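Consider the two complexes below, in which subunit A is the common component and subunit B and subunit C are the respective partners.
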Partner chain A sequence: MRHHNALGSRVADAVTTLLSLLWLSPLIFAILLSFRPPNEPITNGNIFFGSTITLDNYRAAWSVAPWLTHYLNSIIFVVGVLIVQLVTVTMAGYAFARMRFRGRDTLLLIILLQLMIPSGVLIVQNFATIRTLNLFDTHIALMLPYWGSAFGLLLMRQTFREIPFELEEAARIDGASLWQVLRHVYIPLSIPAYTAFALVSISSHWNEFLWPFIVTRSESVRPLTVGLSKLVATTDVGALYNQLMAGTLLVIAPLVILFMFFQRRFIESFARSGLK
Partner chain B sequence: MRMLRLLTVIMLLFSVAPTITAQETITVDFYFPTATATITNPEAGESIEAVFNRYAAAFEAANPGVQINVVYTGSYTDTRNTIQTEIAGGGAGPDVAVMLTTDLFSFIEEGTILPVQDFIDTMPDGEAYVADFFPAFLLNSLDEEGVIWSIPYQRSTPVLYYNVEQFAEAGFDAPPRNRQELAEMAQALTLPDGQRWGVWLPTEGFPIWLFSAFVIADGQHFVEESPSEVYFNTPQTREALDYIISLSRDYGVMPGGTLSWGDGPSIFTSGKASMLFHTTGSLTRILNEAPFEVGVAFLPSGTAGEDGTGYGAPTGGGNLYLFANSTPEEQAAAWAWIQFLSSPEIQSDWGAATGYVAARRSAWELDPLASLVARRPQYAVARDQLAFAQKEFSAYRTIDIQGIINSTLSGIISGATTDIEGALTTAQAQIDSLLAEYR
Partner chain C sequence: MRNSSLASIERIKAAANAAQTGKPINLVPYLLVAPTLILVSLFTIYPAVGSVVSSLYRPPRNVRDPSTFVGLENYFDLFDPTHYIGSTFLQVISNTIIFALATVVVSVPLALGFALLLNRRIKRIGVYRFSLFYPALLPMIGAASIWAFLFADPLGLVNTILRTFGSRGQNWIGDPNIALFTVTTVNIWKQAGFYTIFYLAGLQNIPRDLYEAAELDGAGECQKLLYLTIPLLRRTTLFILIVSFTFGFQTVEHLQALGQGGPGDRSNLLLYFIFQSIGERRNWGYINAMTVVLVLVLMVFTVTNFLYFERRRDDETS
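Showing the complex of A and B:
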């Protein structure tokens, strides 16, 4: 029996390792390619580092765009979105989880319908709104459409509903206001859900291209993805995969580092919040 | 009280001052796409963006009161989407933009661009200005009546690259002149087991461009003057398909299926293919990367051209467009900017920096392009081939029709479509129904 278990766990280990290698393969491929000399394409049987390891691709990729400005803009963008989202999803999540008001379920349904509308179809309308508000080509224009999040609202509503109502009652009896209840009961008990939401929000907005591209014209507000697009748009010269991979690694580096630092917490959060 | 009055005056001054300067300075919003972002002439060592900023600074110095706002707008497709979204959303759009030459008819239909002809007509030397452009490059600027709508800027054309070292090893001292020669020479150059292919003719994704070189050389391009007529289901198309398929099936000089466009240059520069059909846009990159001597030749002549007359190639790339939303002052400044960018001096600099084919004859007599050609004669081949070039495919509903032609060609070349006759007939019928409303 024990023997069987050990074998089972070894098989499970092997499968997990294999799967994680499969998931890692694009990253490994990108790293290998980014250090290969530019004129050595990957061919059959020749897939590792080329004749020499070079930083030329990184140098070339770095010269294409003002990356430091782009890094700063991407950070401003994702942090600016996340902070406001945390406020809106907390308040809306609480309202839909615990408050009773007319039309609550209908309203929730309408908000959830948003999840099914691809954001691309709203671009022209959103663009017109940004123009009317005179926000064109600003950091705020990038963030504005994302300040409400149907997904975050749903997540927080479910999380708050699972918190025993007795805890709120007890706090209320002790004289806590609504804000104090949120601050001392709901928010601390929902940290895993917040962490999971933050990760999803950060990574999706970090990778956002079309909207930031459409509402900005100045390099001083444009995020990393716009810089990366310069390495993609090379139809007239053929694909420059080595440079593109170097650029891609530069762009994802902060996210990868962030994930490595907080890995344990992220995994716990996903496990606890039931997200996959 | 006096203090208050003083404050009011100061505030008034502040509120008025910027509007005065705003009236004096005309800003030209210039959108440019890029298809070569990272390719820079190593001697110049600047990005495309830096090149444009340098031009803008020179223009502003010569034209006080005009400011050029240089904006990068992604790929050609991103640029079109950006402009269309901006105008649909009530925005002003650019004053000048570089866009695909083939966007012409859709922008005419949408009413977003102005014909530059109106401005050329006001020039004292307008005719000489137009005559200095290579006629092949102007073809995509014209509507049915011959009105000029756009000015050639970053233009290209496909050529045949060949590996001079591998040619010498096989005993060849000149490139093939026609398709028969190309196929036979490729056979001698091919090594077994895919170690080396004789030729790499990309057909993946956007085959229409290279493919049109074949039908042009055979005497029937997909389009003529009228943008509402397309000739796809023709003997020339079948002939070209037969030839391309035979390169892998009968001659065995090319891998089967559709071949990658993007990988072409690196496959060639790493010696895995002896010949490559590709754009002149990749010439600078190929010369820089190849560790061997690179030859550049005309595309092989077609069936009509056993005597050497049947050369043919499409042109490609982007033109300068003028937009209708601008004020008359902005339009005047925008036209001055277009003239500046299309001047022989800038075309010479731009051609040398990027590898695009300078669109004006006089640009080739000026440095830095003249000295570049003297050092690297490969740059002159594309220019000389322009004598046989036709327009890039462009019609009403260009994008839809390109899509039909591309998927039909890919289907046939990849082998997924076996009924070639049927596929061509269906495609032609689809195209004709799209164009029916324009006839």
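Showing the complex of A and C:
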């Protein structure tokens, strides 16, 4: 019986290793290809390595688009979304968690419609709205639809509800204002929930493509994903896959490296994102 | 402790009632909720209603003329296989359903498998976890551009490997009979790790002593899996099924790097088709009608999901 279990777990280990390698192989081959000389596709010689290791593809990919601008735009986009979200979800989360007011349940239901109709689906009408508001091709156009977050609101409402009411009451007796109660009671006790929300928000917007592609035209506001799509388009013509892999790796590196170091944090955060 | 908290909540409630009947309404909660409410109204409710309204009109031939009200005619055209828009729409929606279903059918069992493999005492767990989960963190267009190389013909990895076995390989992106399979594969690879997270969370909620009891009764690994683990994960599975199916209807960004829906819309997906229409001068009545169809499909699933799980959670807390 013991012997059988040991064998079973050895088989499971082997399967895990095999599947992990299979899942990892696209990334490994992308990295290997990005260091091959530009004129050596994998059909030329060894499938893993070229005749030498070179940074030429990175130089070439770097010259196709203003990547530093795209990096900066992506950072402005995700940070700009997150900061405003943190304010709006805290405010609304507190109101729905701890205040009684007429129409509360109806208002909550209206806001929850956002979870049922993802705004990504309404791109045609929302694009028209951005045009009407005269915001086309601005940083604000990228961020605006995401400043209110029903998911974040629900998460904060749930978190705030679990905080003992006595703490707020004690602060109130000491004469604390609403802002002070939030600042000294609710916010410090909800840091794990804020972290989870921040990681989910940052990674989803960092990776977003369709909406930024539609509401921007200039490279001066377009984020990384849109820059990458330009590189993809040039590859279509010339089949420069070595260069495309270099460019792709430049784009995906920040989140992938961050994930390497904070695996647990990310996974816990994403697990919470499911509990809508 | 508990009593005093209840008492104080009662006191607050009483104060709130007094405020409602006597003094003017407390504006603070409305001010707190207002920003979120305005944004949701502007970018969810207004466009949703706008899509429904626009879907009932036919745009004029001349820009200066008014649109004509045509009732549900746009919808009839969409579902009419002999109509030019109908034939495309039916192709695209059937692609979308196949794409979503195939992703669910393959990636959800895979996710369960991953979770069972990772939920053991195992060396180098970090490496395995990274390998299986990193695709979920990539931008869809980044994932697709890596796969554009893997599936390239003839310079790609897959065909290069196939050739060593004597096969000519396939035109994975350009062959109308294979392109949909190709874009689905990328999505399965990307999503499986994401759903694994929910299964891992579900597995950790199963009490250990259930397994100990089963072992005392002489249950083997297979029996424990079939009669204990899988039934106990039923709720998690249902949740993942709904989420992954609705995701399937919204995940389209990889098409940008993998054939852009072609050839001839044979691998196109509904949201990507709608997105393409913004650049091209397509009939806005049709595009809005398609948006409404997409919204309705998503709502059916998310409302079911929400009602089912929200009710369950209320049961648990009360």
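We adopt the following convention: the second predicted complex is superposed on the first by the 203 of 276 C-alpha atoms of A that agree within 3 Å, B and C clash if a C-alpha of one lies under 4 Å from a C-alpha of the other, contacts with A are read in each partner's own complex, and residues count from 1 in each chain.
As a working rule, contacts are C-beta pairs under 8 Å (C-beta built on N, C-alpha and C of every residue); 3 or more make two chains touch, one makes a residue touch a chain.
The structure displayed is predicted, hence computed values, not measured ones.
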item	value
Which superposed partner A:Pro145 touches (first subunit B, second subunit C, both, neither)	second
Subunit B versus subunit C as contact partner of A:Trp206, first or second or both or neither	second
Partner chain(s) touched by A:Pro38 [first = subunit B, second = subunit C, both, neither]	first
Partner chain(s) touched by A:Phe262 [first = subunit B, second = subunit C, both, neither]	neither
Contacts of A:Arg131 with subunit B and subunit C, given as first, second, both or neither	first
Which superposed partner A:Lys230 touches (first subunit B, second subunit C, both, neither)	first
Contacts of A:Arg217 with subunit B and subunit C, given as first, second, both or neither	first
Partner chain in contact with A:Val64 - subunit B first, subunit C second, else both or neither	first
Touched partner set for A:Gln243, first subunit B, second subunit C, both or neither	first
Subunit B or subunit C, by number of subunit A residues touched	C
Footprint overlap on subunit A, comparing subunit B with subunit C	41, 43, 123-125, 127-128, 214, 229, 231-232, 235, 239, 241
Residue ranges of subunit B touching subunit A (in the complex, touch as defined)	29, 33-39, 47, 49, 69, 71-76, 78, 81-82, 85-86, 88-91, 156, 194, 260-267, 269-270, 272, 278-279, 281-282, 284-285, 289-291, 317, 355-356
Footprint of subunit A on subunit C - complex, ascending	1, 4-5, 8-9, 12-13, 16, 20, 25-26, 28-30, 32-33, 35-48, 50-51, 54, 113-114, 117-118, 120, 122, 126-150, 152, 154-157, 160-161, 189, 192-194, 197-198, 200-201, 221, 239, 243, 250, 252-253, 256-257, 271, 274-275, 277-278, 284, 287-288, 291, 294-295, 298-299, 302-303, 306, 309
For the subunit A and subunit B complex, residues of the former touching the latter	38-41, 43-44, 60-61, 63-65, 123-125, 127-128, 131-132, 136, 213-214, 217-219, 226, 229-241, 243
Contacting residues of subunit A [partner subunit C, same complex]	8-9, 12-13, 15-17, 19-21, 23-24, 26-27, 29-30, 33, 41-43, 47, 87-89, 91-92, 94-96, 99-102, 104, 107, 110-129, 144-145, 147-150, 153, 164-166, 169, 178, 203, 206-210, 214, 224-225, 228-229, 231-232, 235, 239, 241, 244-245, 247-248, 251-252, 255-256, 259-260, 263, 266-267, 270-271, 274, 276
